[in-house]
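Consider the two complexes below, in which chain A is the common component and chain B and chain C are the respective partners.
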Partner chain A sequence: MAGSHSDPLAHPEVQQGGALRYIAGFISTVLLMGAALIVTMRHDLAYQSFVELVGGLAFLALLSQAALFYGLDISRAQIWKSVSLILTVPLFIITVGLTVWMFQSLDQRTMVMPSSAAAATQPTLLQ
Partner chain B sequence: MAHEAAPTANTRLFRPGYAGHNQISARTLGFWLYMLSDALLFTALFASYAVLDTPMNAAGGPIASQIVNPIEGFWQTIAILGSVTAYSLSTVSMKNGKRGGTALGIIASIVLAVVFLAFGIHDLTALAAQGDGMDRSGYLSAYFVLILTHAIHMGIGILWMLVMLVQIPRYGFNEMVVARMLNLRMFWQFQATVWVCVYVYVYMIGA
Partner chain C sequence: MQLQAPGPWSLLFGRLTLDQIPYTNPILQVTFAVAALIGLAVIGVVLYYKKVGYLWREWLTTVDHKKIGVMYIIVGLVMLFRGFADGLLIRTQQVLANGPHAAGFLGAQHGFLPPFHFDQVYSAHGTIMILFAATPILTGFQNIVVPLQIGARDMAFPYMNAVSLWLTTAAAALVMISLFVGDFSQAGWVGLIPLTELPFSPGTGVDYWMWAIQISSVGTTLNAINMIVTIVDMRAPGMTWFRMPVFSWTTLSTNIIGLTAFPVLGVALALLGADRYLGTHFFTAGMGGNLMLYTNLFWIWGHPEVYFLILPTFGVLSEVIPTFSEKPIFGYVTMVAATFAIAGISWLVWLHHFFTMGSGPDINGFFSVATMLVGIPTGVKVFNWMFTLYRGRITYTVPMLWAMFGLFLLLIGGLTGMMLALPAINYTVHDSVFVIAHFHCMVLMVVCAGFAGVTYWFPKLFGFKLDESWGKAFFWTFAIGTITVFTAMFALGFEGETRRLEWTFNTAWKPMLVIEEVGMVLYVISLALFAMMLVVSIKNRNRERLGADPWGTSRTLEWLTPTPIPFYNFAVTPQVNTRDELAWRRKHELANAKPDAYEEIHMPSNSGLPVILGACAGIFGFAMIWRIWWLAALGLLGIVAIVIFRSFDKNAGYHLQPNEVEAMERNLAIGSITSEQPDRSHHSIHAEAH
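So, the complex of A and B:
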């Protein structure tokens, strides 16, 4: 944690903000989402490859936001935020991953649907 | 290791005014931890959405590919990222002690946030008007709850910004106002982070 400051505007959390960094965060996220949109609209990848590519672009966008918007790093002022985020990310993955994994098995065993209906629909993560 | 008095029932974890305790650092770290728990709320909603995003749970109603438009979602993405950038730039003005620039950034951020919300609310009301509301199917319940939860967060952020527009000219950049501005910056950036996940997962993978 940073030390005490008589001038609140001299606090490291205030001083870390920078116009170039925020504009770079905007541009990088828009470009990555634009690339993901192009991949989505082309419809020329297999579902698995499509999910991996778009997921990878989203991961890069989130990394870009963490560094450029939130300003997370290992400096004295930010280290506890970075550590708490790193400790929380596995919880996100476990929550979504385990839920999808459990219900995928349940879905395959209990939600039998007509093959014609299955063929007519877009695959989802559960399928 | 430093020798300190053993903790008692009257031990205080935080003492305002003590040079080793900083109000702004304590408030921003505390708010950051709250946001991580808020992120877990969204994680639960994403997990529910993943489970209910099947033709069976659509119950004869529309599925994702029939109700989402990735191109329209991209305009929303630009609007929310623009709003976050405008607010973040307003904190750069705050760093330079400029009240006018700070207020201008907040106003620009509110306008872009309203544009973002207008897109989303238009989509949801159009769906509800054609009989595909949140009670139509399990899938639509998950879809509406996910989108609306994010929209409610956005609404709270706009309200918070309006409060700051009053507090900045009234109190100036004192410790409390600066801490609130910094927490709002994190909160607002967090909305863009959640939206990236919603956009990719619902609007792209579902398309």
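So, the complex of A and C:
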């Protein structure tokens, strides 16, 4: 939050930006998310490996955006944004965690399939 | 990979054909005639009084937080009227279409609305009331009041503030256009899955619903960022965290919710859009999709959204009640703590919207307990308001009446909410109109706080009060109407009436349906009284010139400015000495103190880009709905071009010199209005360009 109120170009965040950085961020994000899309559409990985790989690619995409687009670090100019991002982690754990818990219970209680039918379908994200 | 939608498609007009305009429907004919007449009247007045330039210069291109706030409220009130008309249609249909022998009119088997039309009406009613009426009205208040309450000249990002407004307006326009071009979603405001998928809703109704919400949610998210940064970074010297008025605190917590929750909605709708446009299977029953995931994602946003509406409402009550009790708010620190406790718990309760989905008892138990926990901080708030009233010098002005009735509705809505938090009860009354009556008590509390806020802050903005007699007549008719409609609705819920019924098959429900309709008539009368209140007040506006504090007992910083508020807010940035600064200054006879010297004021320049950007977003949304790809590309290109153009704009605003400020303040003292910026188009001596 440090910086001049009247001159946008004087903000440290603005000064930190650069064409090379943005292009690198854009290309890396597109590549990582494109890879995740291809992996999802090919259906040729075991479920466990699939979730790990797609999760890993998503995390890398997040990292590349945080580092290359936003230049997040612990400098005085950026600490507000870095802390804000970290503060969303508990929220992420609550929403995703409770969702996983709910779907596990739901899966056992409402989505029981005969073994032949189950074998014919592809695994869903939480199976 | 694009999924083919059924029906004709052409390169030039996409799915849009003349058949999509329902000009044979008599209800829509009348609606179109009324809307066209009102539109022509507004345009006629603007042209007759030669106000086109003024409208563009002072309003459409403004970046002033107060004017943006007023426009948010106007958009919200227009949509509130539209949503109310939908509610009236729903109630009238249900009372007319009661029992197997109910007569049918206008092509309907029972009542006057066929199912195809009725389903659109209730879907539009919910979507409009929550996202396009309550949200803009509350956002409007936050825009107007928060910068003033914290002693700032404007929002942190004035240009982005205007962008947020025009995105919301574009989305509201899409909902209105769906009345006359195509149709609206039939899948409820929540987007019942899999009904929203293309095979089940092949028309453009779901697309209208989806794109309107998507565009407005971008506006709301941008506004949330703006509000948070404004409160964190723009407070006046001395305005420490615990000197901040409760309304500003509730705004901060509300917008933290908004910033974290709205992206979830955006993602849910984007995935639904991928299903509808690209043929993916995120929410389908097979092919690896999971339709329950949509419901889950929707309510991960949906429940925090409830508090997104309720918390600012609590903030309004926390301003109105102390002012008209002539006491500081009781338990300020606990009030702030309770606000953030509610915001925190709001993330832990979403599953109570689908207890009946089939989760196990431990999961339902967890969310049940979490839901009941909300009652604790809310109870703290209610007791704090009660203790503020206790031994206060209470004046029953119109805003105070609205606030008191809001408290009453909070009690009824809160207690029935506690009932619904129990899965056993929830299973019994799930999807019955008991649930509808419960959440209408809560959202009507938002409406009450809305009217409390309008009548409370109106004189500050416009320099004259709204007429008290007409205001009280409006209040009492509305309050009695509310009690009449929703007492009967609670009873109907116990009698087993389920929600969204186009035909109410049980004749035993008739008496209560008639009582509900009587309540609706009272609502219609109250609307007429509201209009009278506005007309009489505007007519008599010059009878009484109001000072900085029209109520005489206000407590916070916004009442320190002259009335109406000049465009620069404060001639000199105020030094805050305590909580309830104005009450403190009044006590120490400093309320009318003038500064020794004036300073240079930096102001942002108006810009026409946000309104053009909003129009491009509207065009993009309309084109995506009708699958007119070239137009969608054009709309998107327009948005990108504006963003790039803006980033090269070197205009960083202008400076008002101390002598100019002094002159304007002197004019204010003799009754001149300086709520309009001086025209600087011909002399840019102080305009800053670099």
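As a working rule, the second predicted complex is superposed on the first by the 101 of 127 C-alpha atoms of A that agree within 3 Å, B and C clash if a C-alpha of one lies under 4 Å from a C-alpha of the other, contacts with A are read in each partner's own complex, and residues count from 1 in each chain.
To be clear about the criterion, contacts are C-beta pairs under 8 Å (C-beta built on N, C-alpha and C of every residue); 3 or more make two chains touch, one makes a residue touch a chain.
Treat the numbers as computed from the prediction; the structure is a model and nothing was measured.
Tell me which partner A:Tyr22 touches in the superposition: chain B (first), chain C (second), both or neither.
Only chain B is touched by A:Tyr22; chain C is not.
According to the stated criteria, A:Ala61 is in contact with first (chain B), second (chain C), both, or neither; which is it?
First partner only, chain B.
Between chain B and chain C, which one contacts more residues of chain A in the superposed model?
Looking at chain B versus chain C, the one contacting more residues of chain A is B.
Looking at the overlay, does A:Val83 come into contact with chain B only (first), chain C only (second), both, or neither?
After superposition on chain A, A:Val83 lies in contact with neither partner.
Mind working out whether A:Ser105 is in touch with chain B, chain C, both or neither, as first, second, both or neither?
A:Ser105 sits against chain C, while chain B stays out of touch.
Report for A:Thr95: first if it touches chain B alone, second if chain C alone, otherwise both or neither.
both
Which chain A residues are contacted by chain C in one complex and by chain B in the other?
1, 5, 8, 88, 91, 95, 99, 103, 121-122, 124-126
Could you list, by residue number, the parts of chain A that touch chain B in their complex?
1-5, 8-9, 11, 13-15, 17-19, 22-23, 25-26, 29-30, 33-34, 36-37, 40-41, 50-51, 54-55, 57-58, 61-62, 65, 69-70, 77, 80-81, 84-85, 88, 91-92, 95-96, 99-100, 103, 107, 111, 113, 117-118, 121-122, 124-127
Enumerate the contact residues on chain A facing chain C in the complex.
Residues 1, 5-8, 88, 91, 94-95, 98-99, 101-103, 105-106, 108-110, 121-126.
Chain A touches which residues of chain C in the complex?
Residues of chain C touching chain A: 229, 232-233, 260, 264, 286-290, 292-293, 296, 300, 347-348, 351, 357-360, 362-363, 602, 652-653, 688, 690.
Write out the stretch or stretches of chain B touching chain A in their complex.
18-22, 24-26, 28-29, 32-33, 36, 39-40, 43-44, 46-48, 50-51, 53-56, 63-65, 70-71, 74, 77-78, 81-82, 84-85, 88-89, 91-92, 94-95, 97, 173-175, 177-179, 182, 185-186, 189, 192-193, 196-197, 199-200, 204-207
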